[in-house]
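Got a structure for you, written out below as C-alpha cells; questions coming shortly.
Just so it is clear, A, B, C and D label the chains in written order, and each chain counts residues from 1 on its own.
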Amino acid sequence: MTKPLGQLLAILATLAVMMVPAWAANMPRRIGYVTNYATHEWYQNVIKGMKARAAELGIAFEVRDANLDVNKEVSAAEDFMSQGVDVLIITPVNEGIVPLVRRAKEQGIPLVLEGSPVKRMTTMVATCDYDTGYLAGVEAGNYAMNHLGGMAKVMNVGLPLLSATVLRAHGFMDGLRTIVPNARLANDIDGGGNPDTALAASTAALARNADINIIYGINDSSAQGGLQAWKASGRSQKNLLVVGTGGEGLGFIHSMNTEPAYKIEAAMFPEKEGFTAIDTAVKLFNKQSVPLHIVSPSAAIVGADGWKKYYSVGENVRTIKWDAVNRLTPPANCMKTSAPF
Amino acid sequence: MREILQSANSTPTPHRLGANSPVVLIVLLALLCIAISIGSSRFYAIENITAILRQCALVLIIGSGMTLLLIAAEVDLSVGASMAFAGMIAMDVTNQTGSVWLGAAAGILFGGLVGLVNAIIVTRLKVKSLIATIAAMMILQGGVFLYSRQAIQNNNQLPAFTAISTGFFGPVPVPVLIAAIIFICTYIVLRHTLFGRYVYAVGSNPQAARLSGLNPERLKQILFIVTGLLAGLSGLILASLMNAGQPTAGRGFELTVIAAVILGGTSLNGGRGTLLGTLLGVLILQVINDGIIILGWDQELQLVVPGIVIVLAAYLDIVRRRAGAR
Amino acid sequence: MQRSPSLSATAGDMGAVAFCNALFRRNEMVLLLCLAMVIVFFSLASGSFFTIRNFANVFGQASLAMIAGIGVGVIVLAGEIDISIGSLAGAAGIPLVVIMNNGGSLELGIAGALALALTVGLVNGYLAAYLGINSLIVTLGSMFVIRGLIYLYTGQKAIPDEQSLESFYQIGNGRLLGTVPYSALTAFALLMGFMYLMRHRPFGRNIYAVGGNPEVARLAGFNVKGIKFICFVISAVLAGISGILLSSRLGSAVHVAGLGFEFQVVAAVVLGGVSLAGGVGSLFGVALGVLILSFLSNGFGMLDVPTEWQEVATGIIIITAVAFDEYKRQRK
Amino acid sequence: MPAEPSPIATQDGPALEVIGINKRFPGVVALEDVDLTLEPGKVHALMGENGAGKSTLIKILAGVYRKDSGAIRIGGMDADLRTPRDALRQGIKVVFQEIALISEFTVAENIYLERYPTDRLGSVDWSAIRKDAAALFERIGFDIDPAAKVGDLPVSQQQMVEIARALAHQAKIVVMDEPTSSLTPKEVELLFNVIKRLTGLGIAVLYVTHKLGEVFEIADTVTVLRDGCRISTKPIIEHTQDSLVQDMIGRHIENLFPHSRDMTGGATILSVEGLSTAKLTDINFEARAGEVLGFFGLMGAGRTELAKAIVGFDPIHTGRIVIDGKALLPHDTRTGVALGIGLLSEDRKTEGLMPELSVLHNASLAALRQFTIAGFVDEGRERGAVQQFIDKFRVKTPSLHQEIKYLSGGNQQKVLLARWLMRGLKVIVVDEPTRGIDVGAKSEIFALLDRLAGEGLAVVMMTSEMPELLGLSDRIAVMAGGRITTIINRNEATQEAILNAAIA
C-alpha cells in the first residue's frame, strides 16, 4: 500500500521521535496543553498519552479545556503564555487560532499543534485522516467481497463541519473502490459528530433510502448513531457492515464485541498521538527542526477480536499496548490533506 | 357602555381554553405534507412516517410536561441536560443490577429528582425559572461528566433495554405508544380535571389563585417534577435508542421542545396554551426536519426554517388575537 | 442604577463619605466585594494570578462579553431580551473578512459588519417592538436563522483572513504599550459611554422607565415602541462590535464563533443584578458580572479545575446570586 | 422650572372644547356626540356610572385613544391628540386613577419624567430636579422626600406625587380621574387646596369622580355621562344629591343602603384572637353569622393587611383565627377556603382576575371542587351554576367563554363576587368592595352583601368610605396604626366618634 521509500522514511521518522530523550540535554520545565474538548474520550486518551510521556521525561504538564469554544481556547493559551510555559501544545478548535500562532511566535514560545493544522503553524502531530479512511475502506472492500456479495452501498454518517472528517469519508470511499470499483455513496448526511444527532439524521436518511449495506461513521459516535438508527428501523444486522473511525475509547471495543455488524474500526490511537506531541514539544524546545506534519499512525482493526492486538481492557479503562502501536509505521506524508499550507 | 352584542350571550366561542385556534397549524401541517410529498414520493412510506413519529415521540413526551409548565408561567431549560444524565444513570443501573426495570426506574426517578430540585429553587428560593433552569442545565452538563466521562455501554447487551425504543406494539413503535399515552393523559388532565383548571389559573394570576384557596407553589412543584420525570423517561428512551448512555446526548433538546410548544400557541407569559397545539407544533417541526433531509436539501436549513416558522406562528397568533379581541 | 439621581446628586454636593454610603446600599457594592473576594482567593491560591500580565489578559478576554453585555443589559433594562447576539457576533465576522479578502479596507469591512448587525437589529426590533411578538421568541428565531445562514454561506467552514492586514490583527490582538489590550480599552470606552447614557441622558432614563413600567411610560408620552426598537438596534450593533473584535482575535470569520455566547452574556447580566423583568439594574453591575465570571474562568484554569467543575460552579454561583437578590428584595 | 408658575394669560374663550365626539369599539358605542367645555380657572366635574364613557373620554384627552369623529379645541385652536405626547405638548395633563409612576425612580425624577431639565450638554440636570421638586413640594405643602424611591412610598403619597407632577409641567388643563380613591381625609383636604391653587393660576380642571360629596365641595360645573351620551351639564348649585344620582343612573334610587335584616346577629362564626403580624398588633374580634362587621381606618391603618392575614394570605407572627370552631392554619389560604373564609381583594387586577381565562372559568374557580367527580370537572353542571349567577348579577358579557379581561370593571367585580358566592362561604371578607364602581353597581353590591348577611354569612367589610361604613355595618371596628382602637354598634356610632378613634 505504501511505497517502500515512504516506509523507510516513516521508520526513520519514528526512530527519530523515539530517540529524542536520549539526545535531549535540555528538558522544558513546563508544557501547557489546550485541548479542544476535554470531556470527549478521544481527548482524554490524548491527554493520557501526554501525561504518561511528560511524567516519564520529568516535565510539569498542565491542561486547559476550550470546551469547543475557540475564543475560550485563545484565552486559555493566552493565560498559559503569560504564566510562562516553555512549550505550548494546542488542539485547534478551528482556524480561529491563527492570530494566536503569530503571538506565540512573537513571544518566542514554541507551539505544537495536535490534530488539525492551521495557517502559519510550525508543526503539527496528527494522523492522516484520508489515509485512515482509506485503510478502513480497503478492509471494508475485502469484507464486502467476501460477505456482502461484492456490493457496497454506503451511508456516510458524516460531519461536513470539519475538513478532517470530510477527508476520512473521501478516503474511505476511495479505499473501498480499490476493491469494489462500483461502490456507491448512497446517503451522505450530517450526523453532527455526536450520537443523538447522528441517530436522528440517520433515521430520516434511512427512511428516504434504506438500500445500503455499509454504514461509515466519521467517528465512533457517528457509526454508533447510524447503527442504532438501522436497528431502530427494525432491520437485521445480517447483511450490514458498520465501520467506525477513531478508536477513541471504550465505545468501539464494546461495539465490536457486541454488535454483529460492527466489524471494522479505523483506529487512530489517541494515546500515541499525545505521546508524540510531547516528544515534538521537547524537540521544538531544543530548537531542533521538525517536519510540518508529523504523522501519527493509524490502522484498520478488523473482526471482533482485532482490537486485542492494541489494547487490553479492565474495569472501564483501556490500556494501550505500546509495543504493538509503536511497531506501526506511519507514512512520512499523507496521501491527501486539506491543509493548503 | 352599550353592548351591541348583548344577544351574543347564546353563541359560545368555539375554543374555550385560551381561545387558541389550531386551524392555522393544521393548515400549515397539511401544506407542508403536501409540498414535501410532491417533492419526494418516499415521504408517505410507512417507514418514513414511523421514523417521523418516533422522532416526534421524544419531543412530545417532554413537550407535554413543558406545555403544562409554560401555561403555569414557568419554564424548564434543563430538560436536555437532564435527559443525558438520566440516560447514563438508566444504563449504569441496568448494567449494575442486570435489571432493565430498575435501570428504567432509576433514570426516570433521576429526572424527577432534577425536577424536584428545580421546583425547590424556583418556588422556595424564588429564582426565576428561566435563570434557575439555565443554571441547572450548566450544573447537569458539568455533573454528567463528573459521573462518567465515557459513554456507558449496554455491557450485558440486554435486548429488553433496546426494546424500549426499537420495539413495536403491533404496528406502533413503543416510544410512539408511550408518547401517545402520556399525551392523552396530560390532555385529559389539562382539559377536563380540576388540576388542569388550576394550572391555567395559577399561570394566569398566581396571587388570585392563592386567594381562591389554591397552592400555586405546590402546583408548580408538581409540574416541575412531572416535567423532570418526563425528561427522565425521554432520556431513557434516547439511551435505549443509542444502546448506551451518552453524556452529550440531548444537548439543545430543550430549545427544540420549547420551540414546538411555542409554535403550538402556548404563551410564554402563562395562562394560555393547549396540548393539541403542542402536538401540532411537534409534528410541524419534525415534518420540516424530515422534509429537508428527504428532499435532499442542505441540512443547514434545519436551523433556518424552524426559526422563521416560530416567529411567523407567534405573529399569526398576535394577529388572530387582535381580531378576536372583541 | 435605580437610585442614580440621588447618587449623582450626593456625589456633587457631599463628600466621599456620603458617596460611599450611597454606594454601600447598592447591589453593585455587593458585587464589588464578590469580585474582590474572587481576586483575593485566586491570588492566594495561584502564584501566577496576581500579575499585571494576567490581569491585562483577563480584561482583554472579558471585553467581548462586556461589549455584548452592555447591549444585552440595555435591552433587558428596557424589559425585553435578545438571545440572537451569539449568532450575530459570529455572523459579523463574515462581511468583515469577505470584504477584506476581496481587497476592501478594514474600515470598509467594519462598515459591512456593522451594516449587517444594524440590519439584524432593525429586523429584531421591528418584529418585537412594532409587531409586538415576544422578544424571546423573535430572537430565538433569529438566533436559529442567522446561524443557519452562516452555515449555508460558509459551507460550515471558517473563512480565513487572506489579506493579513496588520490593522485587522491589531484591533483584537494588539496592546497599548504592550500591556493593555485595545479590545479592553474599546470595552471600557463603550461602558463609560453607555453608563453615561443610561444615567444621565434623558433617553437612558426613558429606557429605564419603559422597562420599569411600559404603560406608565406610554402615558407619560414616551414612544415606547420606538425606544424598545432602538434598544434592539443598540444590542445588535454592540453584538456586531463584539463580533468584529472576536473575528480579529480569531483571524478569520469562524462559522461556529459565538455559539453559546448568548448564555454566557445573559448569565453575566443577571449575575450583575439586572432583573429580567426590566427597569432594575445597572450597566456597572453588568460590567462587574462579566468581570466576576471572567476572573473565575481564568482562576479556575490556573488551578487546573476541570471544565465540568467550572460549569457546575458557574451554575451554582448564578442561582446563589439571584436567590440572594430575591432574598434581599423580600426582606425589604 | 421657574420657582412659581406664572398665571396663564387669561383668555376670553374656554380652555378646552370637546365638540360632538364619537368613539366606538367593535360592538360597543363608547361615546356618542359628546360635548364638554372647560373654562380656565374652573373645576368641571365629570360624573357617570362605570361604562358611561368617562374613561374613554379621558383617554381621548390623554391621547391614548383616538376619537372617531368630532373636534377638540384647546384655547380656541383645533388640536390633534394622536399620542400621549401630543396631549402633553398641548398642555393637557391627565392624572390617572391607577398610579402612573415608575416605582424604581425617585420622587423627584418621576415628577420630571416627561421633560427632564437638562444642562447645556443635554444631560439630565439632577441637582435642578431635586431642588425644583423640593421647592415645589414646599410650595404646595406636601411632606414627601424628593429623594425617596416611589416604590417605597405608600399609595396615598404616590397619588400626591402624581398630582405634583401635573403642577410641575405647567399644564393648562389638568384632568384628574378619581384622585381621592386612596387618600386620607387630611390628604383630600390638601388635594382640594392644591386644586384651588391650580384654578387660581387659571388652570382648567376636569375632575372625574363617583363621590357626590366631593363634587359639591370642589366643582363649579358638573357634566353627567350615561351610556356614552351627555345627559346634563349644569352649574353645581343647580344640583341636589338626588338630582345628580338620577342623572347618573337614569332612575331614582330609593335607598342606597338596604337594611332588611334583623341586626342582632347569630352565633360567632369568626373569632380572631391576639393576631399580630409585621403590620398588625394584637387584633381581637369576633364576627357573627348574619352580621356585617365594618372595619374603618385611614390609609395605613392596616385594613388590607388584616383582611389578608385572616384569610391566610399573609403570614402572621402570633395569634389564632378560628372559623366555626376550627382554627385556620396560618399563612395557608387552602384551609381558609376549606373552612369557609374568602377575600374579595381591593386589587382586582393583581389579586382577583385571571385575565386570559373566560368568565366561566373565572367564576367557577373557587367552587370548582363542587363540580368535580373524581377530579374530573362536570362542565355541564359548572356552566349551569355559573350561568345562574351571571343572570342574577346581570353581568354584561357576550358569552360565558369571553375572556374576562374584555369586560368592564363593574362586571369583572360581579364575576369575582360570584366566584365566592358559588363556593358557599361562612365568612366573606370584602376589601373596598366598591372601589372604582359606579353608583348603580354600588347599590347592587350593597344589596348583595346585605342579602348574604341575611342568609347567615358573616360579612367582614374593610372600607375607607364613611357612608358605606355607616350604611351597611351592624357593628363597626375602627383601626389605627395596626390596632383595633374600638368596636362599636352602629346605632351608637357617629362620624365624629369613628374619626376620633381612627386618629387615635
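Convention: contacts are C-beta pairs under 8 Å (C-beta built on N, C-alpha and C of every residue); 3 or more make two chains touch, one makes a residue touch a chain.
Because the structure is a prediction, the values reported are computed rather than measured.
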Quick check on the contact graph: shortest path length from chain A to chain D, in steps?
2
Least step count from chain C to chain D, where 1 means the two chains touch
1
Identify the chain pair with more contacting C-beta pairs: A-C or B-C.
B-C
Chain of greatest Cα-centre distance to chain A
D
As a quick test, compute the distance in whole Å between the mean CA positions of chain A and chain B.
37
Roughly how far is chain B from chain C, going centre to centre by Cα mean, in whole Å?
31
What whole-Å value do you get for the distance between chain B and chain D if each is reduced to the mean of its CA atoms?
43
Where in chain C do residues touch two or more of the other chains?
156, 306-308
Give the residues of chain B touching no fewer than two other chains, as numbers and ranges.
145
Treating touching as the only link between chains, describe the layout with one word: line, ring, star, complete or other.
other
Checked against the stated definition, the touching pairs are A-B, A-C, B-C, B-D, C-D
Show me the residue ranges of chain D that touch chain C in the complex, using the header's touch definition.
62-64, 83-85, 87-89, 94, 96, 100-106, 108-109, 113-114, 116, 118, 122-124, 126-127, 129-130, 147, 149
Quick check on the complex: what are the chain B residues that touch chain A?
40, 42, 45, 47-48, 50-52, 54-55, 145, 149-151, 153-155, 157, 162, 165-166, 168, 238, 241-244, 246-251, 289-290, 293-294, 296, 299
Contact footprint of chain B on chain A as seen in their complex
39, 41, 44, 189-190, 194-196, 199-201, 203-210, 221, 224-225, 228, 231-234, 249-251, 254-255, 258, 316
Give the list of chain B residues in touch with chain C in this complex.
121, 125-128, 130-132, 134-139, 141-146, 255, 258-259, 262, 268-269, 298, 300-308, 310-311, 314-315, 318
Under the stated contact criterion, what part of chain C meets chain B in this complex?
127, 131-134, 136-138, 140-145, 147-149, 151-152, 156, 263, 266-267, 270, 276, 306-316, 318-319, 322-323, 326-327, 330
